[in-house]
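Next come two complexes built around chain A: one with chain B, the other with chain C.
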Partner chain A sequence: MLLFPAFLIVVVVVLIPLIMTFADSLKHYNLLDMSGGTPFVGLQNYAKLLSDPGFWGSLGRTLHFTILSLVIEFILGVAIAMLLHAKFHGQWLLRGLIVIPWAIPTIVNGAMWRWIYNPSYGALNNFLVWLHLTKTYHQWLGSPATAMNMVVIADAWKMIPLVAMLVLAALQLIPEDVYEAVAVDGAGRIRSFFSITLPYLKNVILVVLVIRTIDAIKVFDIIYAMTGGGPANSTMPVAYYAYDATFNQLFISRGAAAAYLIAMLTLIFTIVYSRLLKTEEESK
Partner chain B sequence: MIVESRASRTMWSTVKYVFALIVVFCTAAPFLWLIISSLEPTQDLYSVPVVIRLRDFSFSRYAQIFQSSDPNSPAYVFRHAMGNSIEIAIVVTVVCLIVGFFAAYAFARLNFRFKRSLLFSFLFTYMVPSISLVMPLYIIFSRAGMLDSKFTLMLVYSSFVLPYTVWVLQGYLVSVPGELEEAARVDGCTYFGAIIRVIVPVVIPAIIATAVFALLLAWDEFLYALILTSTIHAQTISVTIASFVGKNVADFGMIATGGVLAALPPTIFALLFQRFIVGGMTAGSVKG
Partner chain C sequence: MKMKKLTTILSAGAGLSLVVAGCGQPIPTNNTTPATNQTVTLNSLFMQQAGYSQQNIEDMTKAFEKFHPNIKVNLTFVPYESLHDKIVTALATGGAGYDTVLTDTIWGPEFSKAGFLMNITKDIPASVNSDAYQAALNTVSYNGQYFGLPWIMDTKYFYYNQHMLQQAGITSQPTTWNQVMSDAKILKQKGIVKYPLDWSWSQNEALVCDYAALVADFGGQIVNSNGKLVVNQGGAMQALNFMVNSLKDGLSNPASTQSVEDDVRKVMSQGQAAFMLNWTYAYALENDKTQSKVAGQVDVEPLPGTSTVPYPAPSVNGAMGLAIAQNTKYPVQALEYIDYLSSRQVEEKYAALSLPFYKSSLKKQTVINTEPAMVKAASVQFNDMINRPSVVKYQTLSQILQVQIQKALLGQESPQQAMNNAVSQWNSQQNQ
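Showing the complex of A and B:
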């Protein structure tokens, strides 16, 4: 009885639509060409998807986005957590400041960075020229070579604080005497980081890794706000591919097939995540 | 403590402060730039190279947002969208906390068949990408005549906020010993009385942390709002900002003003309840 309202919402808003998406993905359903109706075609949409270089390209860009953002977020997230864990003057300022990017809505963040990257009026070009690091203004989001990396930076700016706060919480649980023990052995800071801190952080790092991977597979909002998938599809990850197929090309069944594959991909990582939590629980 | 030479200590201390300065700059500069853009007059905003003249700063765009009565102006649209976002986020957060708390209590205390798989299905519901659900939802709500409605968005947002609150709160409740309620019941409390009077006060930090996250989830949502709404009757602030960015109709100053206002409520919440957040995160995603 306590569970019923929660259960009802999950069934109506999630389970039924998910089944409908799967059903759509088994038809030929193109709103621009309804002459043949919407016949059942089995797994044909999936076969076409898997032979479409555009789809593989979007999967590759999702992979690019995922790996690059995880690397940036981890290195900087752990470094900032270590900084917040150490003592220094003015620390309160940084502890407050660091929450702000995380609280800024994704669309606002995207719009903000799009403006920062603006080739002529943007802060980035003006700042780099002012520092004499570059002489010409760059088309950060306008060139296929840099656009995806610039989107990753914008996304990482918002998400690093989350990683840092999670790692900080784990750092605070490491008992001080473990460090004293290795200090007796004459270990320096760098060695004690690799032999104590990192092993202690293993669990939190694994968990954040999986959560951020799921987030990265779904990445859509920031792309919509910053580039719309362009230029020349260079920032179109797989979730945007599904959106584009469904809502721009109105090829419902192809979009549904892509969307369903993404859902299954997140299902796999959700299983990994719940296994991870279970083994962690048992190790306690 | 780590024993090291004075030179090494000075070096590490320098590294620390230099890094801290860089982090402060990189964190603050982007949103300071957004705030500056919202205050600068349009001609300064669109000058090359960029100029920042403090004496020209004005709050006129903010005043416009609060006063504009022209339904076609971005200022008017932003004000209404802000109202919609606030209404939706508050209702979703409050409802999901209450419903989620009791569901979490059931998961933490009672034993029933399929408990683990049900809990897992809640987790998956929270994780499933909205792009996989949005087209069927559009069809369902358009047949039911429920498109472009705040109630519809509240319902849809609950489908991912609620599993989140259930998931996090049950993680907390498992760690609260069951003897607490039993003692209260022996003292004459009813079943619900024991939950409200004994358990809620114990887990209030968790409830606050969950509330902040739930609010941010609802406030941040974009794709459902984009597809399921069409007018300022139900459009949220994220959708209106994205539409103005895409169309380039407004000068960026107005978008920046809308952006600052849209970022304000979640930022205030996050800063106010910061010390609960870190604890809430560990419970929610690490303990499980």
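Showing the complex of A and C:
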């Protein structure tokens, strides 16, 4: 009974839209072509999407974004968490400061990094020239070869604190005496990291992996703020593809089908991670 | 635990699903007008950008409400980049939404076809019909029917830094694009400016605006009279080759491919460009000492021509109009409101921020005095503005052009191949 309000919210804001969206995805529903109404077309929208090289291209870019951002966020997130876990003067201050990037709204973060990367007056070019690492200003977001990687860096800068904070919380739960025991057995820092720290962090890493993978697959706002999908579509992820179909082409059913495929993709990742988590729990 | 897992999984797709599902309602038409003594509230959507400021629009609205005590107007402001989507989400759902909206010249066919906007052909004031520039009227008409009233009149002008030209020994401003290129070479060779030209060529509508103007200047077409996309031939190809070559020759700033108009305006303000195309708003800012290092050096002219299209050559129509939502409950009051905002009296009062679309207004000394050089250029350019293609699927066409033009500019495709791709992609879109 106590769960009823939550259940009601889930039904109204999640289940009903999901059902309506699925129903729309099975129609030919284009606001610019309503002469024949919205006839049922079965899986035609899905078939059209799956035969569209543009959709596969956007899916490839989404995976590029997802994998690269997860790798960067996890390596640096864990490293920063380890650093913050160590005892040193000013630890409390650093722990507070690390949250700042995460607290910045994504759109603001995107606008900020767009300025940093600006090819005419951006801070990054200026800094690299000052360090004598380059003599000319680079088109960081103007080249299809670098644009997506630069967007990933901007996104990672914002999201690393989240990973670091969750990992830090898990680190603080590891009993000190476990480290003392392996130290007695002669294990060094690297050995104790892989034998003690990492196994203890496995669960939190899997949980963070689920959250960040879902977020990364749905990436839209930072792309919207930084590149608008350009140059030459080189940063257009699949969520942007769905947005374009819905809002620019007003092709509601095509956008709905794209949104469903994104939801399916996130579902697959979620199931895989859940299985991994379950296996981990069962093995204990 | 199961409930928690289900919520997590469902939430993953919920954001997008909500957005998509929200567009799926039919559009009701309910043109009931309340009694005249009843106070009605209109909801109006505007953009928060250059031209009229938010304060200006609030002042105009207050003045309107003073003369129409039974009408209150709630104003909503969004950036230009969000305006199209805001209109779509508000009007496609058929709910209360907005009674009046600010609409761009390129959205008319799309919104008309989708049934978002009210046909007001019979209600166009005589003063607008007889005195408005043709480009202003084109902005709010489709297939001979009017879906709104003109409001913001704008086009892209040719801006140049006369001080830089003088330094290079160039005595007059260029009047052809060939001269622009040769002057740019001199400026670069003499080390006056590294990249003499700067453009708004990021993957954005701004790119299509610059491209459309150049296509017209080279005597080409984007869509021909039969409605076919013809960007892979004639003047359209010359225009794209011109753009690509200007980058290859190091005369156009490579940063152009990631710039929009305001980025370009800032680069020129920093003294890092001698030539640019930009909207009306840039003139005041380029010559504002608090915002520009080159204040007093920047002049404005109509667009240069070519051997086939002499100076003054056409520029792109960037006007915007005020329209009434098809599903408004108050069409009479909404019409009164947009009628007032687009009246000659209001257009002239705020001429310093956006030039009036009335021909007679640009001859008035009070309007000329606001920015004499700007009004002089506008008086010529307003007579020669071309529309971007008036097609229902304009957003799709624009997206195809943006990507393919960028591929040519970035050297990913030859200009000819890129435009052939654009034509074949557009043709296949027509069959969907």
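Convention: the second predicted complex is superposed on the first by the 259 of 284 C-alpha atoms of A that agree within 3 Å, B and C clash if a C-alpha of one lies under 4 Å from a C-alpha of the other, contacts with A are read in each partner's own complex, and residues count from 1 in each chain.
Assume a residue touches a chain if its C-beta (ideal position, glycine included) is under 8 Å from a C-beta of that chain, and two chains touch if they have at least 3 such contacts.
Please read all numbers here as calculations on a predicted model, not as lab measurements.
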Worksheet entry | Contacts of A:104 with chain B and chain C, given as first, second, both or neither | first
Item to complete: Figure out whether A:29 sits in contact with chain B (first) or chain C (second), or with both, or with neither.
Response: second
Worksheet item: Taking the superposition as given, does A:94 touch the first partner, chain B, the second, chain C, both, or neither?
Response: first
Discussion item. Just to be sure I read the superposition right, which of the two partners does A:249 touch: chain B = first, chain C = second, or both, or neither?
Written reply: second
Discussion item. Taking the superposition on A as described, I'd like to know which of chain B and chain C A:59 touches: first, second, both or neither.
Written reply: neither
Discussion item. Looking at A:214 after the superposition, I want to know if it touches chain B, chain C, both of them or none. Which is it: first, second, both, neither?
Written reply: both
Item to complete: Using the superposition on chain A described above, determine whether A:143 touches chain B (first), chain C (second), both, or neither.
Response: second
Discussion item. In the overlaid three-chain picture, which partner chain does A:228 touch, first (chain B) or second (chain C), both, or neither?
Written reply: both
Worksheet entry | Dominant toucher of chain A (residue count), chain B or chain C | B
Item to complete: Applying the touch criterion given at the start, work out whether A:270 contacts chain B, chain C, both or neither, answering first, second, both or neither.
Response: both
Worksheet item: In the superposed view, which residues of chain A touch chain B and also chain C?
Response: 3, 6-7, 10, 13-14, 17-18, 20-21, 24, 120-121, 214, 218, 228, 239, 242-243, 246-247, 252, 255-256, 259-260, 262-263, 266-267, 270, 274
Fill in: Residue ranges of chain C in contact with chain A within the complex
3, 5-24, 84-85, 88-89, 92, 110, 113-115, 202-204, 253-255, 257-258, 263, 266-267, 270, 272, 392-393, 395-396, 399, 402-403, 406-407, 410, 412, 432
Item to complete: Provide the residue numbers of chain B that touch chain A in the complex, in ascending order.
Response: 1-4, 8, 12, 16-17, 19-20, 23-24, 26-31, 33-34, 37, 45-50, 99-100, 102-103, 105-107, 110, 118, 120-125, 127-137, 139-140, 155-156, 158-159, 162-163, 166, 216, 219-220, 222-223, 226-227, 237-239, 241-242, 245-246, 252, 255-256, 259, 262-263, 266-267, 269-271, 274, 277-279, 281-282, 285-288
Worksheet, complete the sentence: Per the touch rule above, chain A residues touching chain B in the complex are 2-3, 5-7, 9-10, 13-14, 16-18, 20-21, 24, 79-80, 83, 86, 88, 90-91, 93-108, 110-116, 120-121, 123, 126, 129-130, 157, 161-162, 165-166, 168-170, 179-180, 183, 186-189, 192, 203-204, 207-208, 211, 214, 217-218, 220-221, 224-225, 228, 239, 242-243, 246-247, 252, 255-256, 259-260, 262-263, 266-267, 269-270, 273-274, 277, 280-281
Discussion item. Show me the residue ranges of chain A that touch chain C in the complex, using the header's touch definition.
Written reply: 3, 6-7, 10, 13-15, 17-18, 20-21, 24, 29, 31-32, 34, 48, 118-121, 137, 139, 141-144, 210, 214, 218, 227-233, 239, 242-244, 246-252, 255-256, 259-260, 262-263, 266-267, 270, 274
